[in-house]
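All chains are identified by letter, namely A, B, C, D and E, in their written order; residue positions are counted from 1 within each chain.
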Amino acid sequence: MSALILISVLGVVVLYLGLFSGSRSGKALLAPVAVIGLLGALALSITKWHMDVPMFGGMVQFDAVSIAFNCALVVITMLIFLFGIDYYERMTDHVAEHYALMLFSLVGGFLLTSYTNLLVLFLGIEILSIPLYILAGGKKKSLRSGEASFKYFLLGSFATAFFLMGIALIYGVTASFDLARVQEYASTNAEHPHMLFVLGLFFAVVGLSFKVAAAPFHFWSPDVYEGAPTLVTAFMSTVVKTAAFAAFYRFVSLTALPAALMQALLVMTVVTLLVGNIVALRQSNFKRLMAYSSIAHSGFLLMALLSGSVMTAQVLFYYTFTYALATVGLFIILTLAKRAANGNESIDIFRGLFRANPWLAIVTMVLLLSLAGIPLTAGFVAKYQVFLLAIGAGFIKVSVFAVVMALVGIYYYVLVIREAFTPAEDGRSPVLVVTPLNWLVITLCGLSALLFGAMPWLVSI
Amino acid sequence: MEPVVSAIRAVPLEHYVYLSFVLFSIGLAGALFRRNTIIILMCLELMFNSVNLLLAAFSAHHSDPSGQVFVFFIMLVAAAEVTVGLAILVMMKRNVDSVDVNQLNRLKW
Amino acid sequence: MVSFDMLGKWCWLVPAFPLAGALINAALRRKLGANVAGGLATLMTALSFVVSALLFFGHDPAVTPVKVVKLFDWIRVAGMDIGFAFQLDALSLTMMMIVTGIGTLIHLYSVGYMHDDKRVASFFAMLNLFTFAMLLLVMGSNYVITFIGWEGVGLCSYLLIGFWYTNPEYNYAARKAFVMNRIGDVGVVLALCLLFSLFGTLDYTSIMDQASGFGAGNPLIVGATLLLFVGAMGKSAQIPLFTWLPDAMAGPTPVSALIHAATMVTAGIFLVVRSSVLFELAPFTQDVVLYVGVGTALLAASIGLFQNDIKKVLAYSTVSQLGYMFAALGLGAYSAGMFHVTTHAFFKALLFLGAGSVIHALGGEQDIRKMGGLKGVTKITHWTFLAGTLAISGIFPFSGFFSKDSILANAFAHSPVVYALLLLGALMTAFYMFRLLFLTFWGSYRGTAHPHESPLVITLPLMVLAVLSVLGGLLNLPHLFGGHEAMKHYLATAAEGIHNESLHLSASTEWILMGLSTGLVVLTIVYAYGLFVKKTTLDGAPAQMPALKRLIAEKWRIDELYAFLFEKPYGWLSTQFARVGEDRIFVPLMNGVGNLTLRAGKVARRLQTGNASFYLFAMVAGIIVFLLITLYGG
Amino acid sequence: MELLILLLLPFLTATLLMVVRPTAAAKHIALGSTLLSLGLVLWLWYNWTGTAVVAVNADWFPQWGMRLVLGYDGVGLLMLLLTTAVFPFIIAAGYKQNLQHPSMVNALLLYTQTFLLGVFMAQNAFLFYICYELSLVPLFFLLLYWGGERRRAITVRFFIYTLLGGLALLFAIAYCVVQEPTHNADFSALANLALSPDTQVWLFWALFLAFAIKLPMFPFHSWQPDTYTMAPLQGTMVLGGVMLKMGLYGTLKFVFPIVPEGVVYWRDTVIVLSLVGALYAGVIAFRQRDLKRLVAYSSLGHVGVLTAGLFAWNSYGVSGSLYQAFAHAVLVIGLFYIVGAVKDRTGTSELGAMGGLKLKTPRLAALFLLVVLNAVALPLTQSFVGEWLMFNGLWQRDGWFALLAVITIVLGAIYMLYAYQRVMLGPDKWQLEMADADRSDHLYLVPLIAVSLVLGIHPAPILDLVNAPVQQMIDLFTVTH
Amino acid sequence: MQYLFYLFAAISILSALFVVSAKSPINSVIALIVCFLSIAGHYILLNAQFLAMVHIIVYTGAIMVLFLFVIMLLNLNQSSEPQKKMVTRIAAVISGGLFLLTLLAAVRHGIGIAPHNATFDPGVGLVRSVGMSLFQEFLLPFEVSSVLFLSAMVGALMLAKKDAPSNAPTPYIGSPDTVAAMPPTMDAPDQPNV
């Protein structure tokens, strides 16, 4: 809780600092302050590890799972901020706002990991999203940025409407927003739940599925990922995704979903896997590619989510965290390559990377392999665990399908690797400027992908 | 207070539910229907309000205040969203001199 | 005289010597001069001949009918133990004598014959290697060891046929020989598998013991023997696998003499005699053997009638003689068969070497139409060749007479028809052999080269072989002539089949038969004399011949037939598999799946139209669908 | 301990090469390391008591069955021997053809060796899988950088196709681990989870697909010829020499113990497919225009018989198949080396353009011939022993299988001798001067030939090695029936 | 008295329909206001006076004014909004209708929900009870929503504020992705300044 407060305050502080950010020094101050604050938040969350009690009259409860997720969120945000120092070097105005907004949406993330009341869930989602609507439009002069922002906003609030409808119906049946009560109701009449209750759960799930970009509610994500500033995209595809899945998990685990709804969700999983992987095959723009790949990963995560095993939280946490680390690293590398390629975002800007900067190329390979799920990387262990859960839950056909889709996935990651390791035709390979800090962050991501792959128990609740 | 009670009890809950469903659907249809983004935003507001109505009805039905509190929060959020939405709209209008949804198709495939 | 048992332990020396020779010659093939290499090779063969001779004469079948000398375990897995062991008994010893004895002579001959060749050392290496392999074949104490030799001789024959490797046709002939042998080997391998699954072992001795347990006509035994015979067909050039042997004449003449006349081609007969027990149990197979043998004898002889290449004539005669031997085996007259093997080894080797001497004398000329009148120049060659010819034609008292006669006698005992056919074959043999003799040595010289007699190193083997082919008959002199069929009784100790032989013909019948055949043969010779000495009639190109004769002269067009039936289709099949199977089916299938997925991606990404209201549509649609699933699907 | 050293030696050497990037010394270093590991394995062999060894046995991530278990039984030792014996030759093959960035090439090769060794000493399904997949990665780069034309496409295709099998295997492993009460993925544990026959019948393919593709077995072979032809010589050697043995070994380790019922159900199908494939490949090889491609198809043919022999599932078939695995490795290395040697001299591997090379290079011709003899399974060469055993094994299963299998040796004779003739014999087609096989060529080929002959005459060492595990397999069958 | 409910219901539905169908944005805004007012009426019927007040203040007072303001500001009142294609419009109506149908189908058997508190407490909707539960039970959300507002405020300012032409490095040649108008289907990369 204190971590949450700290972060909110931190946001305000950063905003104030923003007043002086006209001067370079003021701007240079922002990220360090934010990072230090986040470190503090991290410390606070960890120290509160065992305060596993309902707070604020059953509004939130920081149990182990939520704490773990919170820590993950904070760590990832820190990495992004560390890169931000370099990223916002070129940007003049609203830098402070960017940091502040990310922090605010982090607050939303915290709520999502720890809510025990539908109202908090709702507020969490909104607090997470609204700053992102703005951040997506962060590059005000860029048409694509604006478009991304608007699409995100439009579709987002549309989904919110459904989500609210869902909550309203749940309330109508259970006469409460307290998940404990909801669960009680669900368990008491599990065999014949009230039609409106099912309806309500369904709409709520729709809202959440939108947040995790599950097909067919995924349409926003490719456009938004592509249009938004790269850093924001990184933030969205990592922090937001993690938080959203935490929320989803909490919702599913706290309100036992009826079988019929499970069925629908399984179908949704299959569709998500299909769309994500198949469409990603033909992407030339790397950011879009990452968007689709993240959709695909949502598919795998949904599989784990639905398995409803005792290990689900653990697996989800491992998967999202390692996925986030890999993604952050890749987006940073992308930004660097993009600069070198003068603003071009397509895959072939990686060509000749190995010549230009072997280490970077190798890290890229590791990260991509991790996303692809090749052994010894974290991504592999993650996928393997997902399969175990799915098979354990008896989704044999679905997991067979998932296996095939994983193969498809490997294909487009391998294509990028191939680019990175084929020398450029004219022999002139891009010149990447890598500041030590970036190098550090990237290396961290790469090593963690290997480390967590080799020692999975390091990332466990 | 008796008349009030009788009045509230007189109108069956179903009718409130139906009404809010209808409003919701109208809003939804409108959101799909129109190209003018402003009006789409209005339709969203309409959908929110249908939910509000539903919540209020339920809260009255259960005579439990939390429903109304929730409505209160929804209003807050709606206000915030509209603010942001309109801001985005303004920015958009400034960039591409239009508020037509179909003009927004640079990002695709 | 060292005792047999003691010496027996050293029997591995017999193959070891030639192997050593082969290795040395191969290793130092660039260093050694022609004479050194040849001398070495000959010496090695001679040494192994000496050892075999010691063994042979030291061997007393009454005391030790069979001696198995095991060297080491070869293939041993659970349930299968194949030892690397040699078996010394009458049969193997006899064959060893033939192989090493004639081998030595031919090596000696080659020293002279191959003197001027650049790769003489390699030649002798291969020749030694062949001797080694052949010895393994005859000495092996189980089928697998025999099979080693079996394949080894095939390899050497391949190498030696293609010895002059710059000539594509020779290479083709070599490959043809090897492949056809391989086809036969399929039969052998399968037979071995079957026998192993039947007996749980492949040792000759234990199979002999267990065989009695099977009733006559047992289908499995029949199958096994048939498969074995397939192998024999390949190796011994029987119908349908005989076409390689005439082509094999591409090799140097000594090779033809040693491999394709005296030894290797008789391996088939050896195998059958080795397995005589089994064949005894399979009457059906015996009939097959008989008829294939007779057929081959006639077919080959008929082709031999009109051949003009001196070596081709001899080649076809070899095929037909082999046919005779198989006929004998088919009749159950194994001893007769082996006897004919022996005598045939003598006179056919002699004839080939003679032919080689002639070719050598004429500087490489092989067409008999360009020869003639050589008996004036090459006296020794002529006389020895004459001896050989008489022997093969079966004139008393030459060796061929006895061997062929015993076969004919058995044939008559079996059925007069077979007898008649074989007799016809004999007459044809006499005809084409004398045609060959007359056209080559008699009459007047029709060629251009300057013939000269070959050196002693070449003629010496001729003389030795001539003596053998004259006196060879004594080895198995029948009772009629006061002999007591020594060879038969000797071999009977080794081969069950021979033991069971019984020929019931009254002496008078035998006299008549002999008289008949001899008389007819003489008549044929006279006819040939009239045809080729009085007025030397030479065949022109086959084109002008009458149809039937032309067909025969063109070898019944069997090569063309095979080419049409097998070679072309196989090539076609190969290309089609590559073109259709790979390029049209499998690879496209693999790529197709991938491309399909990619295309699906191309299509699916169109869904992302970029139009926000469409996204709204999609969401609503999705919601409705999932709602329906939730409400009614679950 | 030795196993860890064995595993680390190539890995560290490779990393060293990666970091230091020597150009001249690279191949020497690599060769040294491979020879060392060979020595190590020989030492293991020398100390081999006949009982399976488990050297390392540690928990890793046990809750999902990921444990570090290293060890080897007879078969494993054979495979280790094979790998370490073959790799010096693979490295040495690099001496002749100087590729760019030798340190990279050798490093990648050594990485491959590491993971291959890992595969053969892993006693935990999971560990096995990891090494199995990882061994692909270095190869991927080897092919991608140093391959022939169309390498970009073919490499990715090969990678994906192989991974298809890999993922199927992963799925199967996951399935088994879930079924296993203690979630233990050790082979020992998986061996005695008794799945229901129906399950085994479908699970068989999930398990076998990976190996069927790796081998490759007939309908899954289509990646192989292109890849072999395109790959750089050393890559091809790795693929044909060692990689495909993983398929054999994996089948032995996974398929038979875990789904015996499935094997019983499918074995005839597999045998028929493999044999059909063998014949198919044998026929195709005859008319191939490219020597390397011809050898690729010949390897395909051999592998077909190999697989069939394994699935005959009796002592002859299995031990024959394992023996043949070794023989095939030796053979393939030799053949590909000769292909390379010929290409170095003539600058092409087009059969059409060849002929009469023997006139220029008699020694090379002789060596080639000796290798060919092994290829056509002539008795007293290694291949014969294996083939002979397999034929018997197949005969025990069904005479017709044996017939099909035996026919392959005829086809082998046809295309091998044809290839030999086209390249070496006939009138001289090359007016240019070219060097005969020199000392290094002899140093390379003579040992291979010697091995093939010695083991052909005295196969006992290998056969005794695999005797016990094979017996276990057979017992497995008798238990099942 | 419950006839009032149906009256309000009719009003709200009609006005909602008008919102959707009106040509000019202004008209829709007006219609929406009417709709909201009728909803406020519903609140009052439900005895939720406080809610009704807040509703009128927030929506009619704030949000709708904001809408009007923006419309004026951006001068969007040209009634000539390019209509969508007939197909899409029909599709829109159909999908809306379908959605409604599915919802109604779900509740076609009526909704027998027992009231949570059997005895109806008329004080529920009054400021007192609402305030109580808001500041006791729902304190946290109340506090947290400040963050929401803060970010919304910051964001709105940041986006809507017209920046001084920034001294960012000029986009590389051929980057069409600037403020300059451009063909709508342009698929151009982003500015290099990030």
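The rule we apply is simple: a residue touches a chain if its C-beta (ideal position, glycine included) is under 8 Å from a C-beta of that chain, and two chains touch if they have at least 3 such contacts.
Since we're looking at a predicted model, the values are computed, not measured.
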With one step meaning two chains touch, work out the least steps from chain A to chain D. 1
Least hop count linking chain C to chain E through chains in contact: 1
Chains shared as neighbours by chain C and chain D? A
Select the chain whose centre, defined as the mean of its C-alpha atoms, is least distant from the mean of all protein C-alpha atoms. D
Farthest chain (mean CA position) relative to chain A: C
Tell me which has more C-beta contacts between its two chains, A-B or B-E. B-E
Report, in whole Å, the distance between the mean C-alpha point of chain A and the mean C-alpha point of chain E. 27
Centroid distance [mean C-alpha coordinates] between chain C and chain B, Å: 99
Centroid from C-alpha atoms only, then distance chain A to chain C, rounded to Å. What do you get? 79
Geometric centre distance via CA averages, chain E-chain D, whole Å: 68
Where in chain E do residues touch at least two different other chains? 84, 88, 91-92, 95-96, 99, 103, 106-107, 111, 113, 116, 137-138, 141, 145, 148, 152, 155-156, 159, 179, 188
Each of the following residues of chain D touches two or more other chains, namely 160
Flagged in chain B as touching 2+ other chains are 17, 24, 27-28, 31-32, 35, 40, 59, 61-62, 64, 66, 69, 73, 77, 80-81, 84, 87-89, 91, 95-96, 101-102, 104-109
One finds touching chains in the pairs A-B, A-C, A-D, A-E, B-C, B-E, C-D, C-E
Residues of chain B touching chain C in the complex: 28, 31-32, 35, 40, 101-102, 104-109
Seen from chain A, its contact residues with chain D in the complex are 311, 369, 374-376, 380-381, 384-385, 387-388, 391-392, 396, 399-400, 403-404, 406-407, 410-411, 414-415, 418, 421-422, 455-457
Listed in rising order, the residues of chain B that touch chain E in the complex are 1, 3-11, 13-19, 21-30, 32-36, 38-39, 41-43, 45-46, 49, 52-53, 56-57, 59-66, 68-69, 71-73, 75-84, 86-91, 93-97, 99-100, 102-103, 105-106, 108
Chain A contacts chain E in the complex at 8, 11-12, 15, 55-57, 59-60, 87, 90-94, 97, 100-101, 104-105, 107-108, 111, 117, 119-120, 123, 126-127, 130-131, 133-134, 137, 139-145, 149, 172-173, 175-176, 194-196, 198-199, 229-231, 335, 338-339, 342-346
Taking the complex as given, what residues does chain B use to touch chain A? 17, 20, 24, 27-28, 31, 37, 40, 44, 47-48, 50-51, 54-55, 58-59, 61-62, 64, 66-67, 69-70, 73-74, 77, 80-81, 84-85, 87-89, 91-92, 95-96, 101, 104, 106-109
